[in-house]
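Two complexes follow with chain A in common, the first pairing it with chain B and the second with chain C.
Let's look at the complex of A and B:
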């Protein structure tokens, strides 16, 4: 009897604590998600009237050139994923191996990660402009200046590079944390047996870091799919043309400029499906790491 | 063997060169911004890249006063403080419950919260805006606090749950034996023990809330937080903008410009009202 009341108190407290959190998530995330899904089948135009139009929005989305461009841009951006993992890992490894000045590097690399994407965008707006400091530096060493933000290819490249610049410090930090869990004795023993840097990397470091690599890969992918809004907004506004328009920015444009919530909701649904695979991987990795 | 060690040492010295250049690139934009912020309009036109020769704090005064940054600053501080406080409170309570307490559906709740983590704001942009509007929370700081809490809560709960998971359940049982209620256990045991995780979360969430543009752009259209204010000043480095009368460069609510039809045009820096 006493045991039972203890269990009841436990449950009551848990329910009481979970309620506000669940309510917030329900109101601001779950309901909007379902609502948006419903909206994507209507011709809602923001004026109140909305009729069921079936899959018309989705057909329009697929046929929309801006959306096709955004999709191609997404694929291009995602294809840079290996760089996002290997560069921070390499930097973390070098710091771990005792590169001269390593402690300073670790601190300084984190600096851009603290800055808002708006600040980063504003600064690089001036740096990358045709008469900006990067071109001034290029001219100083006798190279031709490039209109970094004015050409399609270089604009996308600039956008991705700036985003990489502003987030790699965080990944370096995560890798450093992972490296500190490596068995130092095993590493020393391998060194004594004559294993070179690359051999130690392949047979000891990378296997140990596997969960961290997975984690960084998933977090980075989600960042690439949904974290670049602020930077696009300030640095390129999706242009020139649609060269730097990603789905997340397109949704915002459709909704805000052209006032087509039904259409925007359809793009949202497509983006959600794109993300579902990544999301599933992340849920698996995270619930495994939390050991619940 | 010693030779191998020596060679590796040399490789590390060589690797330090590109790493130092990268570090320099991390510092340069900050130098660039501060250096130019101290220049007068004339000084900026004459020499964009050189070191400031005629330092002035007039730009800061202009931003603070004329560009209404004092107001934006207060908004940012209040909203960030409110959201981070609420996030820490809720996530430590829920993390404690999920990690330590036994109740049916615990695993389901945890996975559901992780799943909620996967719904990015972009995917729910339109209905999210309508929800906020429907609740009468549009253009209120409370609305933005609740929105931030809802969007950053799943990650915070995940982190706190994982952290409390590493603590022995005996802590809870011992405190219960001594007659402590669950809320007391949380306050006297879990909160102090959770300090390292709460500190990390506090820093991360402060960064997220302070630096956010998109959610703030939606919820706080009239009043603006600092980052939205800065985003609206895009191109402010042009001196003409500095010397023009207030209001011409910084329109408070350029809803009329939302009718501009060109996709990806530079006028994207205007909040929109669906």
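Let's look at the complex of A and C:
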């Protein structure tokens, strides 16, 4: 009986200390999420009362060319994923191998990751605009200037490259952490087994780093889907046309510029489903590796 | 098979291996033994090509291998941590070197199965290392080495991660393997029992230098110095402070004892360390000395008795008859021929 009383007291205390965090989560995460989801079924315009419109917003989203363009842009952006994985992995590998000045490279790679996207965007605006320093350099060596941010293809490519520059340092660090956990004796055993650098990379390092590679892939995908707003805003504003519009930017456009919170909420819900799919893949991948 | 010619290894200003010369014959089982930090693993890794050699030369199979890559040396190594590839099955682990060599899947499978049978691993070939016990993993690591049919097997403390019972089993398996394969094997351990039981010859290292090389019984019976005498044998040799009483006699534990067979003459008054192994303190005949028993380690068939022959002269004696009791004062006997004398620098006086 006494034990049961202590157990109940412990549970009450546990509930008490969990309550503030639970309340914060509820008020700032769950309620807005549900409210946003509810909003997606209305014609709310942020001014007056909102009427229930059923799936009309979702039907409009599916038919919306801007949204379709944003999805195509998303696919194009996500198609660069192998670069996002291979580049940091190879750089981490080189640093891990002890190239001269490895520590400096590590710091240099990571430095842009602490800059806000607005600052990064402003820097590259100076570099990439038509009369910017990159074109000046091209002209200096006799090449034609390129309208990096004014041409549809180069604008998206520029955006992705700038985002890569500003964030890949974090992936380098993650890969370095992963490399430091690889049993050195295992690599030495592979050397004795006759595996030279590329064979060790292919047969030992990459399979051993698989959980890290998958983690970086998932985190990078989430970053590409949700983290490029600042750069788009400062560098291209989604243009030219919709060439650099991604769903996240479109949400802001509908919500902040066109004053259609109901419609923006519907796009958010679709993006949420996409993100949930990524999260589900992440959980599945992690659990698959748990028995390794 | 292996020739180390004045090899040294320096890390910064610190010398880890200091001018080691050693020849290992074909088919020989040589064990490097010594305390932690003596350089035994470093020396093994220098043979394997996993550590650069600061100076000197390594020859394997008649070829100079000082600067050769590990895979070109014809050596296979078994690591303390097993170093298996966790994402590969046992068969894939064992066949990895063959795959790198470009052998076909069928040929690989045949060679892996042949090696697996030798090590009783044939029923585990499709498992991954995580699903194996420590002993099984170690056998896979050995199997991976066997499959390659190397000129030389190198073992870096391969049994250190196993429990006591398994260690004894694996020790016997390795000894059998050496008899079967008859390959050259170099084995590193800090466990002198492993060294004594496995080696054709033992190399005792300290501070990056070789203290003595010899057959296990030679090192045990005829150590070159105080360090080897103390390192080889468990419990270690008793060392008693003594003083030369004559050209061939010493005063030790209150007794004056003539030491037969000395070829050098002692200077009267010369300080010496007198070495006497625990099993030599319970001879049936010889010089008698009283022992005050302080602690008894009973092991069943025998006991180790800790006590003092005189104030500040502690010793351990191996006791094979009767049941010694703490507090008893019993007479012990030793044969003076079993005494080993060492000078103040720890060098053997012969």
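Assume the second predicted complex is superposed on the first by the 267 of 292 C-alpha atoms of A that agree within 3 Å, B and C clash if a C-alpha of one lies under 4 Å from a C-alpha of the other, contacts with A are read in each partner's own complex, and residues count from 1 in each chain.
One rule holds in what follows: a contact is a pair of C-beta atoms (placed from the backbone, for glycine too) under 8 Å apart; a residue touches a chain by one contact, two chains touch by 3 or more.
All figures in this text were calculated on a predicted structure; none of them were measured in a lab.
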Superposition-derived comparison: chain B or chain C, residues of chain A touched: B
Touched partner set for A:247, first chain B, second chain C, both or neither: first
First, second, both or neither for A:185, with chain B first and chain C second: second
Contacts of A:17 with chain B and chain C, given as first, second, both or neither: first
Which superposed partner A:104 touches (first chain B, second chain C, both, neither): first
Which of chain B and chain C A:222 touches, first, second, both or neither: first
First, second, both or neither for A:210, with chain B first and chain C second: second
Touching partner for A:199 - first (chain B), second (chain C), both, neither: second
First (chain B), second (chain C), both or neither touched by A:58: neither
Residues of chain A contacting chain B in one complex and chain C in the other: 191-192, 194, 196, 291-292
Touching residues on chain A, where the partner in the complex is chain C: 183, 185-186, 188-196, 199, 203-204, 207-208, 210, 291-292
Residues on chain A engaged by chain B in the complex (per definition of touch): 6-7, 9-11, 13-15, 17-18, 20-22, 24-25, 27-33, 35-36, 39, 46, 66, 91, 94, 97-101, 104-105, 108-109, 111-112, 114-127, 131, 133, 136, 165, 169, 191-192, 194, 196-197, 222, 225-226, 229-230, 233-234, 237-242, 245, 247-248, 251-253, 255-259, 261, 264-265, 268-269, 271-272, 275-276, 278-279, 282-283, 286-287, 289-292
Residues on chain C engaged by chain A in the complex (per definition of touch): 48-50, 69-71, 75-77, 79-81, 83-87, 96-97, 100-101, 128, 130, 144, 148
Contact footprint of chain A on chain B as seen in their complex: 1, 4-5, 8, 11-13, 15-16, 19-20, 22-23, 25-27, 29-30, 32-33, 36, 48-49, 90, 93-94, 96-99, 101-104, 106-107, 109-111, 113-132, 135, 146-147, 149-151, 153-154, 157-158, 161-162, 165, 176, 182-183, 207, 210-214, 227-228, 230-231, 233-235, 237, 258, 260-261, 263-269, 272, 274
